[in-house]
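Before any comments, here is the structure.
In this document, chain identifiers A, B, C and D correspond to the written order of the chains, with residue numbering beginning at 1 in each.
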Amino acid sequence: MASVYGKNFTVSIFGQSHSAAIGVVVDGLPAGFPVDLDRLQRFMDRRAPGQGPRTTSRKEADRVEVLSGLVGNVTCGAPLAMVIRNTNTRSQDYDNIRDVPRPGHADFTAHVKFRGHEDVSGGGHFSGRLTAPLCAAGGIFLQLLAKKGITVKAEILEIGGNREDPLGEIDRARMDLDSVGGLVGCTISGVPAGIGDPMFDGLENRIAQAVFGIPAVKGIDFGSGFDAARRRGSENNDPFYYDEEGRVRTRTNNAGGILGGISDGMDITFRAAFKPTPSIARPQDSISFSKGENAVLEVHGRHDPCIVLRAVPVVEAAAAMAVADAMGPALLSSGGPASAE
Amino acid sequence: MASVYGKNFTVSIFGQSHSAAIGVVVDGLPAGFPVDLDRLQRFMDRRAPGQGPRTTSRKEADRVEVLSGLVGNVTCGAPLAMVIRNTNTRSQDYDNIRDVPRPGHADFTAHVKFRGHEDVSGGGHFSGRLTAPLCAAGGIFLQLLAKKGITVKAEILEIGGNREDPLGEIDRARMDLDSVGGLVGCTISGVPAGIGDPMFDGLENRIAQAVFGIPAVKGIDFGSGFDAARRRGSENNDPFYYDEEGRVRTRTNNAGGILGGISDGMDITFRAAFKPTPSIARPQDSISFSKGENAVLEVHGRHDPCIVLRAVPVVEAAAAMAVADAMGPALLSSGGPASAE
Amino acid sequence: MASVYGKNFTVSIFGQSHSAAIGVVVDGLPAGFPVDLDRLQRFMDRRAPGQGPRTTSRKEADRVEVLSGLVGNVTCGAPLAMVIRNTNTRSQDYDNIRDVPRPGHADFTAHVKFRGHEDVSGGGHFSGRLTAPLCAAGGIFLQLLAKKGITVKAEILEIGGNREDPLGEIDRARMDLDSVGGLVGCTISGVPAGIGDPMFDGLENRIAQAVFGIPAVKGIDFGSGFDAARRRGSENNDPFYYDEEGRVRTRTNNAGGILGGISDGMDITFRAAFKPTPSIARPQDSISFSKGENAVLEVHGRHDPCIVLRAVPVVEAAAAMAVADAMGPALLSSGGPASAE
Amino acid sequence: MASVYGKNFTVSIFGQSHSAAIGVVVDGLPAGFPVDLDRLQRFMDRRAPGQGPRTTSRKEADRVEVLSGLVGNVTCGAPLAMVIRNTNTRSQDYDNIRDVPRPGHADFTAHVKFRGHEDVSGGGHFSGRLTAPLCAAGGIFLQLLAKKGITVKAEILEIGGNREDPLGEIDRARMDLDSVGGLVGCTISGVPAGIGDPMFDGLENRIAQAVFGIPAVKGIDFGSGFDAARRRGSENNDPFYYDEEGRVRTRTNNAGGILGGISDGMDITFRAAFKPTPSIARPQDSISFSKGENAVLEVHGRHDPCIVLRAVPVVEAAAAMAVADAMGPALLSSGGPASAE
């Protein structure tokens, strides 16, 4: 297993950068949920390529086609299958990387794992393009969560270490034929206390499993996270109190809304660290499989100088998927009452 | 599900801090593997409490008793069940936290999730004590990996932000009736290239799911991790080359040995961020469930001023479990040849 | 979860009888396996409707379209996604069953489970039409197994209790505006000894889980099965012996090739009992949801008088999927050697 | 994976016939459920050996020891771990079967799978003794179901094909130094309509996966089952009607309470076919691994002449586990209301 996520739901993602289509099947959705397909498409558009000089010039409409799972626009309890056609593929751009793997990409590891049978075009199944079906699934989960009053909002915290002028960092990197990494922060509001499970199915475990499914993510932390490691307990503990409505709250939120893997009713907050796009226009040292010797690689193809720009909705999608899966039955109860008898 | 880990193996952990016993069942181990129980016990001893002024004064031998799964000391293909008796329990220490949850602990969230039926003594199932059976399982996986030439080594990187005198930080925190967090680094050497799966079952996803199972972990990153987010691609990419033995290597290891979720044959490296022990001797603000009003808590019980000291073998255990599970069939082949026909 | 099968593979089936398309995603296939798409289509054709007076008059080409997972015709390690377009849908035939559930069908139970939001057209996700993507996945597994020398062959044992003239029973039932059930036998040859796992993941458990996924199956037994319940041990035990090539064999095969859930190297044999097609042209007693009173139903639509005819390849597909999943790593080794270093 | 069952719960069974202990861990139970341990023990006693001439002379108290998961007798949300000590072991009885596998047992297949490292004593992990922890888990699920008004009742339908004098068949087989098989019927009453999922997670699939986990089961059918295969649709369909309380019922129950994998509110009924106990006192043909030649086996040890007698509660346990798992969230709601805020 690999491109399958979930315990209460099963999200199965398929496709390669240059295959006929990419897509996703979501099994386990509650019946009776009206999907807003226009809103889903607008969410997809936030991730779509070809939006300006700071993103790849590959143009894809990323139009979601629903194959099954809806009657009208309402979920019917059957698996929801969505596909996105690939249109603007230029596989010839990738002829050289079949032999010379790109540093920082999965070309080499895929080559070993799949014994030379991997799809190299556009990075195949490892392409950032596979975040499109993740967004399609996540977009559905966002709508489901919204119905329960839960919102998921990601934002760029910094690019290349720069919090003041993050987009300027991208321009400078692009001008230098280089790329640059960045941090995305994410806040999930409205999750009731008591969601998540002990040990290996806590919210942190589940969100981490989802977010590391986004290519280029190399780190994640929750609440005060890595900063907490530098603190004392008296500083990092979040004191409880009753608010005026009698709800239990904490005065600070260093826990990022999660204690023992379980939500405490405060905002769930995490940061995801994205490495710089590995594809850069500069020549790089690599190897040639066929010649069995070192080689210099020049990467062609069309790439984002900073993946973080387009990654913002993807982080929201991954987080929504994880939280929805953790809620499971609690989320399923969102449907209307049984009308059978 | 919650305290169950694994896709190729099933590791099921049970117990509470003050229950009769804690333990673990490991399903799916290959038959014919000789377990070194003395070595396992020595590994357990590294985690055991009561080792000096810097750890809790609760004394537990943490003696592993094997209930099934071995014939002699050799795995027989049946699930391996191990238990550890709890002996030195003082449940009366926890009478007050039944009503007044400890900040930074799972008392409150467990109370909501389990509707007041949670076991509060010693933190119940959320206690750091549950890392003992995790170490028992992990100790077995470490031995399995060692047979394949794979080693897992964790170490303290810093305590309270201090790399030079980490243990001094613990002493100072203890003297201040406080606690302190820290960073643990971990290096897994000898994993062949090609281990791990795309998207949601990559090595990062799997290791993160395991490591966030350790109480107090709030962050994880791989290779250059959060630093990568501040870099450019030309700086962060790891150039490939052939070494003198004709193996593919990278000149740097910013990827932490993982590209596209799959091992590249270099050391796998990650850091885990531990928050400070939430239990501190100082009075803290909290609430009283019974009175429905704010309250001040004084924590009794016996606690580590810094969990990081004893967490080092636990990180090794979690990492070993994750890597072993990712290897799955490749690891199973470690047994001898079939002798049936 | 529901329409997802497998532990070593993940087979995720989607679609409704009248949705835009039906299909399947298979995650976990080994890379480097050449798929014979013509052979796959011929296998699909054995199940396809519209083949004569004994099957439904609904005509569907059941043409498999591969969306991803192949490079050329060779698996590349990415999930294999296949879709089949629905073309010949007549949803108006099903207007009445929205209110009046068909006896013997899932109309009523789907109505309760999905709270009135189920897709009723053609039975929705519960339609026998969903066996088409099961055959698409199974057809791939059959090819994988064949490469290991494993064959799966199903056949009609009896229709309506008649072994001599099974097809005559269908004609007679059709003439009577009725339907009829039957038995399908299946033999899997070439599975080496040692495949399967104890207790809940034995070959019987896995095959049963797959075969009960075929609509209308109400029973399964292995080897002498229900007959074994009437026998003595001296009669039912299969004595071992060495054959001339030194292989361990049994003189009889009452075990159906499975002992303790694990293959013994003999043919694996099982029978699946199919109930008669619930859709019959005769008026039947039912209820009206809207009126809250009893009602008489006349079923329109196009149906098979005996599902068993077209079920034969479906049983093969389900059996192949189950055996392939049980083999898992053993099957994966069918690919060529790694070429990486 | 192997001895692990469940999607909403995780039931992990461990132990061998002659290991220190056998047991089970149940993860995912709702908190706040009071377990009646006396009632659990009485349920265990129905399965316990040594009850008279018709069962094995091995005496085991089968006393359930709870290691964790309860506070007092009430579930606390942590995994429930239960062990049963093995006491009356006579491993020397099994010396010969290490070399000469018993026909009809898993000795040979375990030998191949575990490459000679299997535990042969008493059948190891394949022993019928492993149904004791299955009963311990099932006994808990029976209590959970009972709270929802659901009962599970199994009974002997026939032994050796004899419905009139089943126990006489056992006596006659024992006198002949032989064994005999039989049929167990099971009825689950009170399951509301709408439980179960389509395709591979239907009630039939789940119950079959659980029941084939009982050693010696070789067949299962639901409702009219194998008889349905001989019938016409007009005869086998169950007409719906409204009863006097306005509930939807069916006039007959050939479906065994399941349509499309989902409960219809009628009794769920199934039959399990047990083969005769493979261990018989008569000499049998087998092979010698060490000599590589055919051999004659005389089985010593203590065995039941008919496993069916003691299997009745085991079938109830397996059925309860499967239905509870299918109910999942619906069952979890049995606990009291949240008391947190």
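By our rule, a contact is a pair of C-beta atoms (placed from the backbone, for glycine too) under 8 Å apart; a residue touches a chain by one contact, two chains touch by 3 or more.
Predicted model, so just to flag it, every value in this text is computed and none were measured.
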item	value
Most distant chain from subunit A by Cα centroid	D
Angular offset of subunit B relative to subunit C [C-alpha, multiple of 5 degrees]	180
Chain pair among A-D, B-C or C-D whose interface repeats that of A-B, sharing over half of the contact pairs by residue number	C-D
Averaged-CA centre spacing for the pair subunit C and subunit B, given as whole angstrom	43
Whole-Å gap between the CA centroids of subunit B and subunit D	35
Approximate Å spacing (C-alpha centroids) for the pair subunit C, subunit D	26
Per-residue overlap in subunit C, given as positions that touch at least 2 other chains	1-4, 7, 13, 78, 108, 110, 112-113, 125, 193-194, 198, 246, 248, 338, 340-341
Complex contact set, residues of subunit C against subunit B	7, 78, 193-194, 198, 246-248, 328-329, 332, 338, 340-341
Subunit C - residues contacting subunit A, complex	1-4, 9-10, 12-16, 19-23, 25, 27-28, 31-32, 65-69, 71, 74-81, 83, 108, 110-119, 124-125, 289, 335-341
Residue ranges of subunit A touching subunit B (in the complex, touch as defined)	1-5, 7, 13, 101, 103-106, 108-110, 112-113, 125-126, 130, 158, 160-161, 173, 176, 178-183, 193-194, 196-202, 204-206, 208-210, 212-213, 215, 217-226, 228-242, 246, 248, 250-251, 254-256, 258-265, 273-280, 282, 284-287, 292-294
